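What follows is a pair of complexes built around subunit A, which joins subunit B in one and subunit C in the other.
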Partner chain A sequence: MIGKLNQSEQVLLETLQKTGADELAADFAKTGLPTRRNEAYHYSDLKMLLGDVPDLTTGAISTSVPLLNIEGAYRILIVNGEVQISDEPPTGVIVSTSRGGVVEPENDIVAQLNSALTKETLNIDLQGTVETIIHIDRRYEGEASHINDGVELYILDGSNATIIESFSGSNEAHLSNSASKVILGRDAKVTHIMVDLSGGRVRHLQSVQYEINESALLHSLIIHKGSALARTQLFAKFIGENAHADFAGLILGAKEQHSDISINIEHNVANTTSSENYKSVVLDKAKAIFQGKILVARDAQKTDAAMKHQGLMLSDDAQILVKPELEIYADDVICGHGATCGQIDMDSLFYLMSRGIEKEQAKSMLIRAFLAELFDEIKIEALKEALISVADEWLEV
Partner chain B sequence: MAGAKENIDRDTIEQVEQIDVEKYKYGFATDIKSDKSPIGLSEDIVRFISAKKNEPEWMLKWRLDAYERWLTMKEPNWAKLNYPKIDLNEIYFYAAPKSTPGPKSLDEVDPELLETYKKLGIPLLEQAVLAGVEGAKIAVDAVFDSVSVVTTFREELAKSGIIFCSISEAIKEHPELIKKYLATVVPVTDNYYSTLNCAVFTDGSFVYIPKGVRCPMELSTYFRINEINTGQFERTLIIAEEDSYVSYLEGCTAPMRDENQLHAAVVELVAHKNAEIKYSTVQNWYPGNKEGKGGIYNFVTKRGDCRGDNSKISWTQVETGSAITWKYPSCILRGDGSRGEFYSIAISNNYQQIDSGTKMIHLGKNTSSKVISKGIAAGFSDNTYRGLISAHKKATNARNFTQCDSLLIGDKCGAHTVPYIEAKNASVVFEHEATTSKISDEQLFYCQQRGLNAEEAVALIVNGFVRDVIQNLPMEFMVETQKLINISLEGSVG
Partner chain C sequence: MSNMLEIKDLHVKVEDKEILKGVNLTIPKGETHAIMGRNGSGKSTLSYVMAGKEGYEVTKGEILLDGENILELEPNERAVKGLFLAFQYPIEIPGVATMTFLKAAMNAQRKARGEEELLTPDFMREVKSAAKMLEIDSAMLKRALNVGFSGGEKKRAEILQMALLKPKMCVFDETDSGLDIDALKIVSQGVNALRDANRSMLIITHYQRLLNYIVPDVVHVFSNGRIVKSGDKSLALELEEHGYAQYDESI
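This part shows the complex of A and B:
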């Protein structure tokens, strides 16, 4: 039984009605925001957590200093939902925009809200071997507002590309709901990275959808550093055989941040493999959540999937909440998951200190070592350095 | 020693021989006139049950309060289970065997009943064998369709101050203990099925181990659902005072039936300072036939409370029967340094559905828990492990190790793992591992090449897969379990 809508749900409902999304509005009036009774939001009760919903954004305004600079990257800005293309794209990159949203709803209200409220979507087609890193700089600027934006990336058959999306902007109480859809053609090789660097008052919701075709190779990395409330939900579908995907992620949580990465991986066809490797480091009163679900369909024989979450707790007031799920219907598969949770190893700390290293420095060395594995996979040096510096800045604060 | 071993070996051989003939070994019904309540559920039925049991007024009030609360509750639907809605108005909530006034010895017990036990292989008259094995005796508080019919060894237990009787007796004779402990581990309003149980429970066991006593024998209860359409609502309460120890065995078999039978038991364990309770279950109720028709619906709430420091509760379960299993034996680790353990084997075949697991709730300092779960799915069945490991803010140095492995036999079944891990302070160390795989062709080939047929080979490999858990069972359950595994997986290969 759903109780009556609270204030933020009321505002969302009115917003939907104003934009003419009548059907969704009618549904939303019945269901409201997901609560912990909704299994996918078990640890992120949006009805309770979301808070005030500001007015819909009025569009692009001047932007703040970029928080992430990647040397030699081709940058496209999306400011408050408006796509701004200034430079000529490199060879093999076709940039355009389309009206409306991008992700298929998956029966998820956050994704549905994004689809209904996004006005303009950035479309990028990538063909051939694209050496230049594509940097999609998504900004939430100005006064607190409610912003929806979308990106669709299509990596054509046999193409290679590296794409990074960053989220940042003014430190106001924005509600940003962003979506990305990435389609990997046959034999496509893609590195796709998303970094949330939003200000400490932002509520950032994100839906990512992957479609992985035959023999494609995906490396996906999500980093959560900013936002008061950050939630990324990832939906990946294997639709062609012999494909492989590495999913990785990192939550850096401090203060009273609530940071949630929830992934849904569907192995729908035979002979596909995946690895899921996620880490959380929490300080202060931060809360890190990882929900992972691997589904292996009846026909997806010979699937090999290994999921892992490792949590590092640096404060007694912090929390790590983990739910790694397996749902398996095929018998000839190898699936496993592991989850660990603990603090810095005292023996290692003692060892370093006995070598004359200050405690704080020794601690940060050990945390760096804990995180190193996630960045080692990134082959492009400039990108790797940029990401390591994101983590380093966090460690220094 | 040797005699016992021979006996077991012979038994095993017989078992194997019977496999082809008897699909469900324990599928038979005993015809004893039973004393039934009117069909359905209402406040009057609650009064009827309470009156039948000659319960004191406070107990009736307690039941009625529970019934009131239950009326406002909804059936949970979060489990990965599919079953038609249970019509409680089609169920008899009370059925007692025709009463023979207070049997003094086994001779006075209805011979037909004894015959049933004989078929079940309950070791009422096999004390010699068992004594030969462990030098221990087994006291059997036999429950036949909700009413305790015979209790043996009570006197010997009484010498050590142990109370082992039916819960209805305890309500009359030890009201102070019942009032103090009943529903303190599983609150009256805990969940839909446990609240229903509070209102209509008919019988069950009560065990009280006084301070400093190590229970001299393994306590054992055999439950059996016998009457057509009687839901069985058992209530068990075990209290272990400071420095005491008890091992409790529960084994279940039921006759073959077409209708779905509902079973909603509640088991509560309380362990005080330095006490240890070991609770073992072998559940082999009728799982339904090959087409998934019939079978028991098993919705059980089992929870142990490690109330005192350094106390320990250990659950071991072997689940091979029932059409639907919904069961999460849990430990509340309240006392500092308390320990919880959960060892489980869950086997599903044909159209069985199992959603089972455990909850380890770390509240005290330096608490530790261990979870080993082995799920085996065959046929068209679905087998889910669902568990919660949580450490609260004050549970410093909480430690957990969880391993849940699933084995799939055939490509029409499903194995699922849904663990929840919640760490709320920094000193927690949690480790969780899960794997899902099938029996490898190499293993099968190797065994078959050595002369085993496919079915024997699977049984052998599965027995190896569940070894970690079987080793935690008391001797006589260990033997029974190995047999059960073979029977349960019948027809799953080839």
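This part shows the complex of A and C:
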């Protein structure tokens, strides 16, 4: 079978073998990277898209200036997979590291690769009402390299926390494969934001897992802006009743970027609710992909889930591909999805211009208006401003 | 140059259908003219073509604003040259705050005149005083642009914009429709307050009533894509009495 692997897969296989991940190597030799025949990767055929796999990183080096500054946040760096804790954590925040990677979700080769190749995982336990924003600054620095890193967050019963993870670094053709696992205890209230600000040559793969316990409240937001190829797969499991989660995301795509957000939401118990609200704005030849899968288990009565994707196409050569999927085994549920895709509304543009506003500014105003809803959900002003400026910078390019 | 607006033999097609069939209209500086005409006769089309909306093909003729042909200009360029259209149906734009919009519009015009951006306190003061004159509730200004505004509120908001932008050529497309009697008086006062020797107005309406409040210098009858008769304000009364039928033979 090895003969069928392409160059990138060969390198990945050798990397696994050198690391001593024999079992996974044996599997990988048979399967290789996911292709379009794999439903989850239907629009992101990694065998075709991934490109050259650089050498595994040799570890941390000096870092570039942070791309995202959040006022008053407690910042932890992970540079080329190495956790760097410099400041004393705020009260209620327990920071440690553990060897190896985050336990991967079932049967996903990208997450398995990450788990096998990550040397250390950043563990953060959050207890009580943590007012300070936790900023996990994940960097991919230096020459092009293959970097794996992992974060596990545990928000204890009854605790509140706001965490933002940013992905950025040098403008080289890195392959970054990252994992985050967030466990929400009972009654935990969590805002978890992930922003990809990587350079335009980076291939960024990301796996996010949520475990949502009883009465917990989650607000999750993913923003894709930087990488040439970005794919975030999200796996969320409701495992306690009366919990609610708002899943949101935004793809800002330009040039020839390929950006994919694929979510898998499992309502496994009764009386849980979720909303899925994703948007894509694409220009040039960019491609945005949203796949949304909601599973409602047989016992998950009274589930209420509403998914939507809204696309804004700013050029004729851009593409937005959307695939919703509902898999419902319970009978007493409310579950729906909707998708819209449009261009800048010409009547609105004319109205703004008729008051003297220049076309480019008027367009920006309308794009901002399209995005406003996602940012309005963020209640912490410093965070909201930081994210709006991420979008504003994109609009100015 | 004593004419603010000169429209000469204007022919306009929309999707291959000729809507305007040779409009001639001259408005001297400081004058207020009214256009009255049947539904579908092309009044809004004329106002959109003046403002520069896409999708209208001018096959013949020209529009001069203060002596300058504006047909090749973008809508924003026309606006900064002093043209303002109060829309028959103002557009709702969710996600754009009314105040953000007003400030962007005012600053765009200042930028075109080579002036500094407005300072926030000055901007607030100007908006407040204009809103007060038009009896616009400040809560309305905190909402997204025109979103959830009643029909009458939208029309008032248009006049508010006009009061802030101080254009020299104002076009009102059925600004009176949707206004109750009190609102009509308030809006008319707002418009009259802006009348002066260097500002001209074109009022498109179906009702003579508005013209009792904003008294025009000239009234034009619009039929089937052009002006078929012009006269003084008594023409509006005559139209109210006899309708448009007598002008139909010109079709």
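Everything below uses one rule, namely that the second predicted complex is superposed on the first by the 392 of 397 C-alpha atoms of A that agree within 3 Å, B and C clash if a C-alpha of one lies under 4 Å from a C-alpha of the other, contacts with A are read in each partner's own complex, and residues count from 1 in each chain.
Definition applied: a residue touches a chain if its C-beta (ideal position, glycine included) is under 8 Å from a C-beta of that chain, and two chains touch if they have at least 3 such contacts.
As the structure is a computational prediction, the values presented were derived from the model and not from experiment.
Of the two partner chains, neither subunit B nor subunit C is touched by A:Lys285. Of the two partners subunit B and subunit C, it is B that touches the larger number of subunit A residues.
Contacts of A:Tyr351 after superposition: subunit C is touched, whereas subunit B is not reached. By the touch criterion defined above, A:Lys302 lies against neither subunit B nor subunit C after alignment on the C-alpha atoms of chain A.
In the overlay built on the shared chain, the residue A:Arg201 is in contact with neither subunit B nor subunit C. In the superposed pair of complexes, A:Asp331 makes contact with subunit B only, with no contact to subunit C.
In the complex of the two chains, the subunit C residues touching subunit A come out as 51-54, 74-76, 78-80, 84-85, 87, 90-91, 93-96, 100-101, 104-105, 108-109, 112, 144, 161, 165. Taken together, the subunit A residues at the contact with subunit C in this complex read 346-348, 350-359, 361-362, 365-366, 368-373. Taken together, the subunit A residues at the contact with subunit B in this complex read 39, 42, 298, 301, 311, 313-343.
By the touch rule above, subunit B contacts subunit A in their complex via residues 78, 393, 396, 406, 408-438.
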